Each structure stands twice: as C-alpha cells, then as structure tokens.
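Listed after this line are the structures, all set down as structure tokens.
Look for chain A in each of the two complexes below; its partner is chain B in the first and chain C in the second.
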Partner chain A sequence: MRRARLLGRGLGSLLGLLVAAYILAPFLWVAASSIQPEKELFRVPPRWIPRVLTADNYRFVFTGQFPAGYEETGIARGRISEKARDALPALRNSTMVAVSVAVTNLVLGTMAAYTFSRLRFRGAGSLYTFVLASRLLPPMAVAIPYYLIVNRLGLLDRYAALVLIHSVFTLPFSVWFLTLYFRRVPPDMEEAALVDGCTRLQALLRVVAPMTAPALAATAAFSFMFSYNDFPFALFVTSTIRSQTIPVIVANTAINPDVSFGVVAVTVVLTMLPPVAFAMIFRNYITRGLIAVTTTR
Partner chain B sequence: MHVRALVASLAVLMLTATAALGAAPVQLTFTVWSYSTDVILDNIKKFEARYPGIKVSLQDFAWEKYTDVMTARFVGKTPTDLAYSSDHWLQQWAAANWIVPLEDYFPQVKAYKPDFAPYAIEGMTYRGKLYGLPYYADTIIFIYNEEMLKRAGFTKPPATWDEVTRMALAMKEKKIVEYPIMFQFQDITPWYIEVFLSMVYSYKNYQMFDASLNPIFDREGTAAHKVAQWLVDGMRKHKIINPASLETTEIPLVKAMGAGQVAFAVLPKYNLADLNTPGAHAQAGKFKMALMPGETHGTVGFVRFYAMTKMAADRGKAVQDAAWKFLEYFGGKTDGKFVVVKRWALEKGLGFAQLPLYQDPEIRAAINKWGNVSLEEEQAKVARAKEALTPFWGTWSLEFQKEMNKALLGQKSALDALKAAAAKWKEMKK
Partner chain C sequence: MRLVALPRRRYREARYAYATVLPVVLLVALFTIYPLLFALITSLREVVLYRPWSQPFVGLKNYLDVVRSEFFASAWAHTLTFVVGAVPLATVLGFAIAHLLNGRSRLAAWLNVTILLPWAIPTVISGIIWAWIFNSSYGAFNGALYSLGLIDSYVPWLSRPRSALLCVLFAHVWKEVPLTSILYLAALQAIPDELYDAARVDGAGTLGILRRVTVPLLLPTTLIIVVYETMVGIVTFDLLYVMTGGGPAGATSLISYYLYNSMFVAYNFGQGAALAVLLAAALVVFILVYMRLLRSEEIYAT
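So, the complex of A and B:
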C-alpha cells in the first residue's frame, strides 16, 4: 500500500517535471540563445548545452558595442539590427501603459462591478449584457475605427491612446469577473458600515475592497498582461520610441534583414522580466481570486 | 535722400531678418520602415543643421506591416509629408492620390534621370511621371558557396539553369549537402514573386504579359513555364531543392545558407554583405555572387524611394520647398555628391540606382570587401523592373504564389498552376 502510494507520488512528480520542462523549455532556449554568439545558434547539429558563452549580445543592447566579428565585413557599420537598442525605453513604455491600464481597470471596473452586484436600477440587466457582449467583438474588426478616433483626438503616438484602447478591451472582462466575485461577498458587513454612516463609496473602499483583494489582484494581472502583450494596436497607434512598446520593438528587430537572433533573444529575455516580477509578487492573490471566481455559480 | 533710402532699406532688411529668424520652422513628418533608424536620425540631424528652418519628425514602422500602417495613415489623414515607398506600391498609392508626381512640383527632378539605372526610373514612374528619388535600389542575384562548389569539383559558378541542376546533383551525390538549393517560397512573402520573376527574366523571351497586360505566361514553352517546371523538377524529381523552401522567408534562408546548409540561393543582393559577416555566419567569406544563370542573365531590379505625399503638397509652398530640399538631400545630390546614398552603400552595403556612384573608388573598394563590384555593375545593367505593375499586382502576386506552391507540392502540374494564376489575373483585371 505504502509502496503504491510512493510510486503514485513519484509518477506524479515525474509528470509535473515533464509538464514544467515542456512549458519552460522555450524560455530556457531563448535565455541560452541570448548568451551565445550568433554562429553558435545555427550550428548543425545544434548543441543543447551551450559551450561558447558571451555577454556580447547584452553589451550591444545596453551600450551599442558591436558583438565580435560584426565589424569585419568591410562595411563601415556592422550589419546588426540597431532597433534592439530601443528595447529598454520600450520596456519602460510597456510597463507605464500596462500599469495605467491595470489601475484604470481597478478603479472603473471595481465601481462598475460593485454597482451591478449591489444596486438595482432600470436597465441594469441590459447594460450588463451589453458590457459582456462588447467583449465578443474581434479586436481587428475595430482597428481602423479606433485608429481614426485616436487620430481625431490627437492622441497618436501617446501613452493615452494605448491606455484608452486597452481599457476598452479589458474592462468588460474585469466588470464581469468582479461582479461575480462581489456577489459572493455577504452584504451584511457593508450594511453595518452604511448604518454606521459610511457612504457607498466608503463602504466599497474600506469594507469590500480589502475582502476582495484576490479578485482585484487577478483583475489587475489580467489587464496588465493584455496590455503588455498587445501588438496590433501598439503597431498602429505608436510611431516613435516615445510610445512604442516592447512587442513592437521585438517584432521590428526580428524581421530586420540585419537581424541577429542572439540580440533578439536578449530583447525577449528583457520582455519577460516585468510580467514575471508582477506574477511573483501577486501570485497568491491571483490564484485565490481565479479559483474563487471559477468555482462561483 | 541717399541716406534716407539706405536707412529705409536697412530697416526693411532688419524686419525681414527678424521675421525670418522668428518664424517657426517648417515641420516635416517622415515615415519609414524600421531599418537602421539610428543612421536615418543622424542623416536628419545633419540635414537640419544644413537647413535650420526645417525640422523633421521621424516615425518608423515594421517592414511587414508598413503598407497596412501607411494605408491607415493616408485614409485617416494622419499628417505625413514624406515617406519611404516601393515599386510594389507605387501604382496603388499614386492611383489613390496619396503621393504626388515630383515632376509636377519640382520640374528640376528630371535632371536626375540620366544618373539613375533604367529599372529604377521605371520602378518610380507612374503614367509617365517620376514619383520619387531613390533611397536604395538593388538587384536579385544568384549567390553560391564557393567552397562547396569546389568540393563538388567545379571551378566556375553555373551559367545556365541546367548547369545549376547538374552541379546540385553532384553536390548531393557527394553528400556535401542534402538539398543544395533553397528558396524563400513561403506563399506570403513578397520576395517570392521577385525571385520567380528574376529567374524568368534570365530567359530571352521573358515577357509574362502582352502589350494590353493580358497574361501570356500560362502558355506552354514560355520562360515562366520553363522556370516553373524547373522548380517542380528540382523539388520533386531531382530532390535538389529543400522542401522547407515552402515555409521559408528571407531571414531563415540567409541563416541556413550562412550555417552551410545551402549552396545556391536567389536573394536580394544586400544579403551577400550579411552572409560574409564573420560574426554572423559560420561560412562567412565563402559566399560569392554570379550573374543570374540563364540565356541573358537578366534579373529583377527593384527600387525603394522617397515620395512626397498629397498632404505635404496641400500644405503650401513653404512645405513643398522644404520637402524638395529633403528629397534632394536624401535621394539626390548635396554639393554635387550623392552623400546620403553613398553613406548607405558604404555603411550597410545597400545597392543604389545612382549609376555615377559605381565610379567612386571608395564605393568600389568597400563593395569588393564582401562582393564583386564589377559583377554587380554588370548584373545591374541587365536588370529590369517588374512588368505589369498594376494597383492589383500585389494582391495577385499572393494568388500566384499559392498556385505555384500547389505545383511544388505535386497537387497540380506547373502549367496548370500558371493557368490558374493567369485566370486570377484576368479576374482582377476586370
């Protein structure tokens, strides 16, 4: 019996390791590529464990110093995609936009969800359905109209354009998600707060919000990631490094005829850092929030 | 009286100078695809230093999405004064009145024509009028790995497509490389049709269309049919063309060639500079260009150019004047020299349409470090612009590529694929 249990546990661990390896392998491959010279990446047969390591790719992205061998062609400048050097400002832009979208979702989404979950007013059902239905629109169907609106507002190549567009796409999910969560919270404590003289907003901020922290964290994470990963809208409404985000810069680097895949790998590694940091900090809240909502009927 | 006149003149002069100094600079918006934006910005800085009354704002977009973004900008009237354009899109952009013929605004542009390669002039001309000054121009060339060729027992590169087959079979037999030839034939890449046409243009009777733009390439025995059949045989019968070609685009092909997995490829010439970069490729230094194999060694010459938009033209004389200064600085001469074009050639190995640059000793020495300037010049002389560039050409080329890939997959014959592509052309032409 004990042996069977141990065997089962061992098999479970093995399966877990296999799944982890399957998920992590691409990331490890990219990380390994970022510390190898370009030539090594195309060695046939490939080396699964790198033998030649270099910091040249990182040095190029951070300082502009060309990796070894790139200036020996006779061309005055090495043929390597300089666009990769925009990765750092693009990371800043991505983080600023994604954090703004997360905050917008928390503020507007919380208030809207609280209203739908607690207040009865005329048209509430239709409005809720409309908010949910707007989520069904394929993003590319509205790309050109959004571009024209943003252009008309004079917001092209501004953070505000991306924050507006990303919020439009993320808010329906946030409202739905938080509404479900708020409905799980017993109204007794808020009612007690209201009796004690709190306004609705104060009750929301002081009583409901602390109790629903996991759901708020999950909402923030979802909206952050949507915004951080967006490529098509960022491509259309940004045009300089003043607002270009990291997916745009990675794409521009990767499709350049002068591309160095080692340098692209550096930009990908840098891209992964902010979301990983975000997930590490809020992982407990996010997991609890998602579990709570998915088990709600 | 004289003193009064002098004082009055001085006053007028001072007022004019004050107005000029105080006037806001002309602001130009310049859109490009993302390639070496640091060089472009440096060129802009030098231009602005030369013309202090002009400020240029640079906006860059990914090459593969450039047309989509530009279409949105033109439709949405997003301020855009100057833009990179290409022979692919000229018809569409000009027909839509998004860009204007330079000749209508700057008649002096005609003086540049004798300096430009004929294929480049053709690629920038719509309804008889010149729409741009070249950013760069290049040819599609035949690149080979000299060491592999020698190991197979050959001392000269192939001069005909039959020789390509013979040499590739020898390499395969000697196990030098499994598939000696590779193409970038993923059906969405714009280079596909350019490569195919380059091979077609290497024949004497290369025409794909008649004078009324009706397709004639779908007839048996035409150059297009010979090329299509050669490709099908190479992939399915001789197995000398890598089947992965159907999923390959430019960059993976160059990387595979650099790693020693490909002996022969047909590519835009600038890739030769990249392939011979020691830091980037294990086989760097072994790559050479040959004239395009075939009866005439003809090939496709393409041009990317600076265009002025209708929006800029509508902004008035001051903007038009500033735009001309910009166009001439970037694509024409400054103090009698093609300064910016030469810089691209020296620093990045880009080709050029400005033929006098071939006489420049600095350029010749630079190209010879990674290529062969005499051969390049010879190839450029027999290059021609793509035929029948119509506003629907780009859309049709995608259909052509899909049909051609069906033949390469063995789903239909080469001739049937060409017939299907011709039917698509006729449908679109209506």
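So, the complex of A and C:
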C-alpha cells in the first residue's frame, strides 16, 4: 500500500516535470536564441546549452547598433530587420490600448452587469441575449465592415479604433461573467445601503464592487489579455507605428524569410514580458474568478 | 404616500437601468448589426476590387461559386481534420493536467504558475515560436531528432502538406491546453470532498471514483470546453498566418484562412462575404445544437 502510494507520487512528479517541460521548452528556446549570435543558432545539431553569449541582439533593438558579423549578409537584410526597432513603440501602443480596454470593461461592463443581475426592466432578457449572441459572428467575417465603420468614424490608425473593437469583443464576456458573479452576492447589504438613501450607482461602487474585487480583477485581466493578444483586427485597422501593436510588428518582422532570427527572438521576448507579468500578478484572481463562475448553477 | 413614491422610484430605477445597459448594447449593436447587414448585402452582389464602382446584384451566384469551388471543400476538410484532432487533444490533456494541478505538492503550486504562460502570450507569438521550432534549417525539433539519431538530415516539416497541418495542430493544442486545464481545475475544486469519501466508503478504487464521480460531475464543464474549443478551432487564423501562410499547397488553408484569402488577397469581396455568411450560419447552427445538448444535460443533472 505504502509502496504503491510512493510509486504514485513519483509518477505524479515525473508527469508534472514532463508537463512543465512541454510548457516551458519553447519559452526557454526563444530566450536562449535571443542571447546568441546568429551563427550559433544555425549550428547542426544545435547546442542545447548556449556557449557563446551576446547582448548584441538586444542592443540592436534598443539602440539600433548593428550586431557584429551582421552587415556582411547584405543591405536588404539589414533594412528588413530595421522593423524590429519598432518593437518598443509598438509595446507602448499595445499597453495603452490594452489598459484602456480593461478600464472600459471595468466601467461599462460592471455597470451593465450589475443592472442585469439586479434590476428588472422591459427588454432586459432580450438585450442580455443580444449582447451575448453578438459573439457568434466569426471575426474574419466582420473584418471589412469593421474597417468601414472605423474609417467612417475617422479613427483609422488610432488607438481609439482598437479600443472600440476590442471592447466590443470583450464586453459580452465581461458582462456575462460579472452578471453570473453578482447574482451570487446576497443583496442584503446593498439593500441596507439603498434604504439608507444610497443610489444604485453608489451601492454598486461602495458595497458591491469591494466585495467582488476578485471578479473585477479577473475581468480586467481577461480583457487586457484579449486586447494585447489580438492580431487580425490590429492588422486591419492600423497602418503605421502610430498605432500598430506589438503582435503586428513582430509578425511582420518574423514572416520575412530573410530576417535575423536572433533579433526577432528579442522582440518575441519583449512581447511576452507584459502579459506574463500580468498573468503572474492576476493568477489567483483568474482561477478564483473561474472557480466562482463554474460553480454557479 | 407610499402609493405615490413607489412608481416614481420604479421610474428612476428603469432610467438607471437603461442608462447603464445602453452604452454596452449600442456599442455591440453598431459592431454587430451593420457588419451583418453589410455581409448579407455584399454577398448578393458582385464586388471585386478592380471594378469598385460597379456592384451588380447577382443573387445567390457568389454562394454557388463559393460552394462549388474546390477550395471550399478542401478548406472544410482541413478545418474538420484540424478540429477533430485539436478538440479531443486539448480536452483530454486539459483534464489530465488539471489533476496534476489539483495536488497539494510544491510541484503542483509551481505548475500552477507555469501553466498560464502559453495562454498569456499572443497567439501570433506562439505561432512564431513554433514555426522556428519546426524550421527546416535551425529548428529545435529537427535538432532534437538529429541528436537522437532519428533522422540523418533536417526535414522541412512546415513545407510538407501532412506534417504542416500536424505542426500547426501541435502549436494550437499547446496554446489551448492552459485554458482547458484551468477550467477543469476550477470544476475539480468545486467537487465536495464528501462525494469522494462516500465513494471510497462504498469501496470504489481510483478508477471507480474517476468513472463514477469525477467524469459525470465534470460533464457540463467538458461540454463547455468541447464547444468552445470547436469554435476556436473553426475560426483559427493567427497561427496559420505566421506558421504556414495557408501552405504548402493549401494544406493548412482552413476555412477562415480561405475567407481571409478571398477578401484580402483575391479581393473578391462578394465571395468573401458569402463565405462569411456561410461560416456565421455554421457557427449559429453549431451553437443551437450545443444549447440543446446543454439543456438536456442540465435536466439530466438535476
């Protein structure tokens, strides 16, 4: 019996390590690639533990100084990799847009969800269904109309276009998620506040919001992630570095067959930093929020 | 006094209700109704880039052209292959990993942190990483096989039709597994311990508990996961764009890539819109089936 348990635990640890390797290997591979000169990366078979380390690739992305042994591969190539230098402004664009989307979801999503969970009014059911059902349109199908709407609003290549589109995509989920969550909160305390003369909005802000902080944090995290990760819409409604986001810049840099691998690895590493940090910070809220919703019946 | 105050309060509540709900509804409506109408109208006209001012009404011609095209059949065939591979893999792996995450060991806590990583990074970024791993001249996958002596020269995995789809599938599952395992973990943690204890008292072994307690209780979650993963699989685009560009020879041109191609490469907007309408309709049918299933499931559970 004890031996079986020990064996079970050993097997569990082994499987756990395998899963960790499966998840982490690609990250480690890119991180290792970003600190090696290009010549090392083309070695057959590859060196699993890098021997020649360099900060050249990072220096190039941050300062524009070409890595040694790079110019000899030709002018065209240098020009192509120049795009990687847009990574830093693109990171700023991405962060600005994603934070705005998260705030929009927190403000508009929370208010609407609270109303849907507490108040009865004409059309409540159909409006709720409409918001949720809107997500059934496949993204690729709405690309051109979205482009036309944004163009008509005069918002092409601006943050606002992306914030609008990403909010439209995230709000249905936020409203659904928060409505389920708010319904679980017993209405006693806010009713006391309402009797004391609070308005609905005040009750929401002072009583309900503090009590549901994990769900609000999860909502912010989900909408931030969606916005930061979006590629197709960012591709369609942005055109210059004024509003292009980091997935677009990295994809445009990387799909070029001539591009230097090490330099793109740097942009990939930089791209991963904000969402990974975000996921780490909000990890508990994300799982806790999901547990609360999946246990709602 | 009360008779007067009550309607006024109700009126105020209703006003508040619309004021808070309408911003979301209007925003969503603008970006839903207009695109829908646009797609429907465009799909009935001949709209091509080289004749922007002439958009004659052609009835269902675009639909017929699209459905008759050989790309339509092959794109759906590839999409189905992809979905049939991806959904069970993501579901079963998620289920298994959730059990590992559910442990109380230090390893489980650590896994809990790492598991979110593939989910957190943008899909195009994971596509780029996997495209490198499968790259024919410096990829880690080739490197590993070569080091192990399994191949004697590097294989261009992404330029062979069958392996290309498998590579994309692999990258897709890697990206999707975190979400499925987190959802399963949430559902697992919601199962009360008493149920396990009761089953154990009744003499059920590990497999018996899995079959009689865990699996039935996780059915609703499984249904959500299967449906969500199917939808995500059908509309996959980002990975294809950066990993294969729909190639080689269209082998990874799934339905939404075909749609992208009609619209933004061939610039045949009418056919693209027809395809979009068909894809939307397929998704709606799919969701209706799912809702039917879910409803019967709930009756079953109660």
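As a working rule, the second predicted complex is superposed on the first by the 279 of 297 C-alpha atoms of A that agree within 3 Å, B and C clash if a C-alpha of one lies under 4 Å from a C-alpha of the other, contacts with A are read in each partner's own complex, and residues count from 1 in each chain.
Following the convention adopted for this analysis, a residue touches a chain if its C-beta (ideal position, glycine included) is under 8 Å from a C-beta of that chain, and two chains touch if they have at least 3 such contacts.
None of the values given here were measured: they were computed from a predicted structure.
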Task: Considering only touches as defined above, state whether A:148 meets chain B (first), chain C (second), both or neither.
output: both
Message: Is A:44 touching anything from chain B or chain C once the two structures are fitted on A? First, second, both or neither.
response: both
Field: First, second, both or neither for A:156, with chain B first and chain C second
entry: first
- prompt: Of the two partner chains, chain B (first) and chain C (second), which one does A:200 touch, if any: first, second, both, or neither?
  reply: second
Task: Using the superposition on chain A described above, determine whether A:16 touches chain B (first), chain C (second), both, or neither.
output: second
- request: Determine, under the contact definition given at the top, whether A:261 touches first (chain B), second (chain C), both, or neither.
  value: both
Message: A:58 in the overlay: touching chain B, chain C, both, or neither? Say first, second, both or neither.
response: neither
Query: Hey, is it chain B or chain C that touches more of chain A?
result: C
- prompt: So, A:226: does it touch chain B (first), chain C (second), both, or neither?
  reply: neither
Message: After the superposition on A, what does A:251 contact: first (chain B), second (chain C), both or neither?
response: both
Footprint overlap on chain A, where chain B in one structure and chain C in the other make contact: 42-44, 144, 148, 251, 255, 261
- prompt: Touching chain A in the complex: which residues of chain C?
  reply: 13-14, 16-18, 20-21, 23-25, 27-32, 34-36, 38-39, 42, 96-97, 100, 103, 105, 107-108, 110-126, 128-133, 137-138, 140, 143, 146-147, 154, 174, 178, 182-183, 185-187, 189-190, 221, 234-235, 237-238, 241-242, 245, 256, 259-260, 263-264, 269, 272-273, 275-277, 279-280, 283-284, 287
Task: Report the residues of chain B in contact with chain A in the complex, numbered from low to high.
output: 31, 34-39, 57-65, 68-69, 72, 75-78, 250-251, 254-256, 258-261, 270-271, 273-274, 276-282, 284, 346-349, 366, 368-370
Message: Which residues of chain A touch chain C once you look at their complex with the stated criterion?
response: 9, 12-13, 15-17, 19-20, 22-27, 29-30, 33, 41-46, 48, 108-109, 111-112, 114-116, 119, 121-122, 124, 127, 130-131, 134, 136-146, 148-149, 164-165, 167-168, 171-172, 175, 199-201, 225, 228-232, 246-247, 250-251, 254-255, 261, 264, 268, 271-272, 275-276, 278-280, 283, 286-287, 290-291, 293-295
Message: Going by the contact rule set out above, which residues of chain A touch chain B in the complex?
response: 37-39, 42-44, 66-80, 82-83, 85, 144, 147-148, 151, 156-157, 235-236, 239-240, 248, 251-252, 255-261
